[in-house]
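Both complexes shown next keep chain A, but they swap its partner, so chain B is in the first and chain C is in the second.
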Partner chain A sequence: MADISVNVTVDCKGLSCPMPIVRTKKAMDQLEAGQVIEVLATDRGSLADMQGWAKNTGHQYLGTLEDGEVLKHYLRKSRPEELKEAANYPHTISNEELQSKLAASEDIVTLDVREPAEYAFGHIPGAVSIPLGDLEARLSELDPEDSIHVVCRTGSRSDLACHLLAEHGFQYVSNVVPGMSAWTGPIGNQ
Partner chain B sequence: MSTKVAIIASNGGQFDAYKVFNIATAAAATEAEVAIFFTFEGLNLIHKQAHQQLPLPAGREQFAEGFQKANVPGIPELVAMAQELGVRMIGCQMTMDVMNLTKDEFIDGIEVGGAVTFLDFAKDANVTLSF
Partner chain C sequence: MTASANANPGVMTAKELTRRILAKEELLILDVRNESDFNDWKIEGERIEIVNIPYFDLLDGVDDALARLPEGKEVLVVCAKEGSSQFVAEQLAEAGRTGVSYLEGGMKSWSEHLEPVQIAELDGGGALYQFVRIGKGCLSYMVVSGGEAAVIDTPRMTGILESFAGEQGAVIKHTLDTHLHADHISGGKALAERTGASYWLPPKDAEEVTFSYERLEEGREINVGSTTIAIEPVYSPGHTIGSTSLIIDGKYLLTGDILFVESIGRPDLAGQAEDWVDDLRSTLYSRYKGLSEDLIVLPAHFGKISELGENGKVMARLADLFRHNPGLNIQDEESFRRTVTENLPPQPHAYQEIRQANMGKIHPTEEEQREMEIGPNRCAVHDK
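Let's look at the complex of A and B:
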């Protein structure tokens, strides 16, 4: 797996429970919504604790990589507005429709606008990764004539991305709803 | 509404202190509202001097090394962390009277109250624990 870019790294190596959780909470309080944190820990219990912590606080647990003795946990601070499904870009496509288009090898581009760490822990095979925050600066990497299907976790960031693409003259843009949170199709992590 | 965790601490050993404060800090860090009611020997856990050197159970003194090796924070450190995370600590007035202890013999920031003070918090708690 490629390097995962994060906004902050918290080093909890050598610390026992409950320190990794306490440090994670403190660091998370300093982050802005949407940012990603990496927690380095040697406490094996932190593997289950991080997932339980995220579930109870509403933040997003992305996954864990093991590097020898060190567990590298990745979490993303959630945005309150992501919890509601207020997608208002008119052209939407369901997960299932996208899945059948991909299965039929239709000539479409899947654009994943989540953070690199989210993408790294599982994405639609072949999806192009451009985080929402970088999209405007990287529009030249996309072709306005392509049929682009934009996906994120819940359809909220992809909705914003669809508006942005449409404003810049992209004509064939659809928002994939709900997105990766309910994706049951093939997953890649390369 | 956030999860509420109500804990009764009624024993005064080092193992007891870890059970109480580990659960309390972990819960508070997970954005739960936490209150601990200290009664009988549990008062040692927040007594200014006593909580600095709580006894290990007889015959288990060898664990002192284990705590150090596992880099487990000391009890005073855990107590400070719990307070920083907003854990409410309530000393039992009745036991303090029996033991002839006053509030100023305890760490700063605690409350003193009777059983109803705790019950009022615990009546709608999602998790209630007794150590």
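Let's look at the complex of A and C:
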């Protein structure tokens, strides 16, 4: 599994509920939108509670790794604009269309602009990972002549990425909608 | 138990909650576990009203909860282990809500509480007790006679049985499992080791076990006490291939997971539903038909709270079950096959690991055993 970079780690080892959620909520309140939190817990019940809490608050539950007795939960603070489905960039492609292009081994690049932690918990095999925040600085890693399909979780970060690529002379750019939140094709986590 | 007007919520034990459910008293429960755990398994009772609001939705205040808890009703807050229910109960009390308490030990304690009920006095001064594990729906038994005891379908919480036997002045001489359990960790072997008793298991269910045991087979009578209360094994396969019923004192039929009061056993928990359908049918429709109709059936589970009778006893006359139990009234073999193999309820939580543990192949810690047992038993075909 790829490295997961996190903005803050909250240690809840040895604590039982409600403390893991109480501490996670407190830490989450201090974070900026888009940042990722890692919660270390030994209470097995924290797994279903993290998922339920994230679902009810709109924060994004990324996944959980087990390291011996310790559960490592990863969550990402959502941006308010992600909650609405806005896709202003004119060229879009559906998940299904992208899936058939990949299945047909077409010569395309899939660019995943989510955070490394999101990428680590599941991405389209072969997708290039460049988080939206790093994209401008790392444009040289991409070829402006390539056919690039940009994906994120719900289509909003990838929409911003498409605009940015187009401004820098990339000609064959499509936004994948809705994105990984509804992806049913092959998944890799290497 | 009732909290007064101060800001401290009361604490209710699983024993007290059991008493209230059996007495059919009214109680409003606020279950603060997450929705999936709540939907999977919760406290039930004829006059229990239950509301689910996860504690993590109440971190910023309890107004939502207060709106759903009508004043004047006593409220019991429940969570998985206790911490979150105490946290929410304190907030409710601070907000001025009276009559609030929380469940000591949470659903963990609820799952482990055993309520002993005397079923009958046996000839020669002996007695037969049923231990109702009300939160999980499991039933265990103890035969006491002449200073000796036998325990049947022992739960993991063996200490309770050991002290109960002690209070009766009896030494545990035998522990028996009617079959290899898939819904709970058996305490039979552990209890036998601690008390120097013999552990009995049907050999056909014991092919993979890693320890020694006595073969629970037809023809081998087990005597308890000098007055010899006889336990007579009757081979009755179907839920598992080894499932064995027991006739105690010629009057009581312990059916294990083959026949329940309102349902029948499921044949799929060892992965062989299709193979065992015929065994299950012949046990229920021929073997049991050949027994005395006056036998009192004492099963190893109940599925619905309505199966609890007076004081929580779960029992019925065999003749009555032949008339009223839906599982004993399916005349057509093909419909029977479909009933016991199709649309079965979900399998019990971690049932494969539980079977491994009961064979002595894996040795989970106490905490892991608790986790494995979480949830309802789901050993009957008609459980939800």
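The working rule: the second predicted complex is superposed on the first by the 190 of 190 C-alpha atoms of A that agree within 3 Å, B and C clash if a C-alpha of one lies under 4 Å from a C-alpha of the other, contacts with A are read in each partner's own complex, and residues count from 1 in each chain.
One rule holds for everything that comes next: contacts are C-beta pairs under 8 Å (C-beta built on N, C-alpha and C of every residue); 3 or more make two chains touch, one makes a residue touch a chain.
Please read these numbers as outputs of a predicted model, since none were measured by experiment.
When both complexes are superposed on chain A, chain B and chain C occupy overlapping space and clash. Residue contacts after overlaying the shared chain place A:V22 against chain B and chain C alike. Of the two partner chains placed around the shared chain by superposition, chain B is the only one that A:G14 touches, whereas chain C remains out of contact.
In the overlay built on the shared chain, the residue A:G122 is in contact with neither chain B nor chain C.
Contact with both chain B and chain C is seen for A:N56 once the two complexes are overlaid on the shared chain. Applying the stated contact rule after C-alpha superposition, one finds that A:A48 touches chain C and leaves chain B untouched. Across the two superposed structures, the residue set of chain A contacted by chain B and also by chain C is 16-19, 21-22, 25, 49, 52-53, 56. Considering their complex, residues 14-19, 21-22, 24-25, 49, 52-53, 56-57 of chain A touch chain B. Within the complex, the chain A residues that touch chain C are 16-19, 21-22, 25, 44-45, 48-49, 51-53, 56.
Listed in rising order, the residues of chain B touching chain A in the complex are 3, 22, 25-26, 29-32, 70-73, 81, 85. Within the complex, the chain C residues that touch chain A are 34-37, 54-57, 59, 79-81, 83-84, 87, 371.
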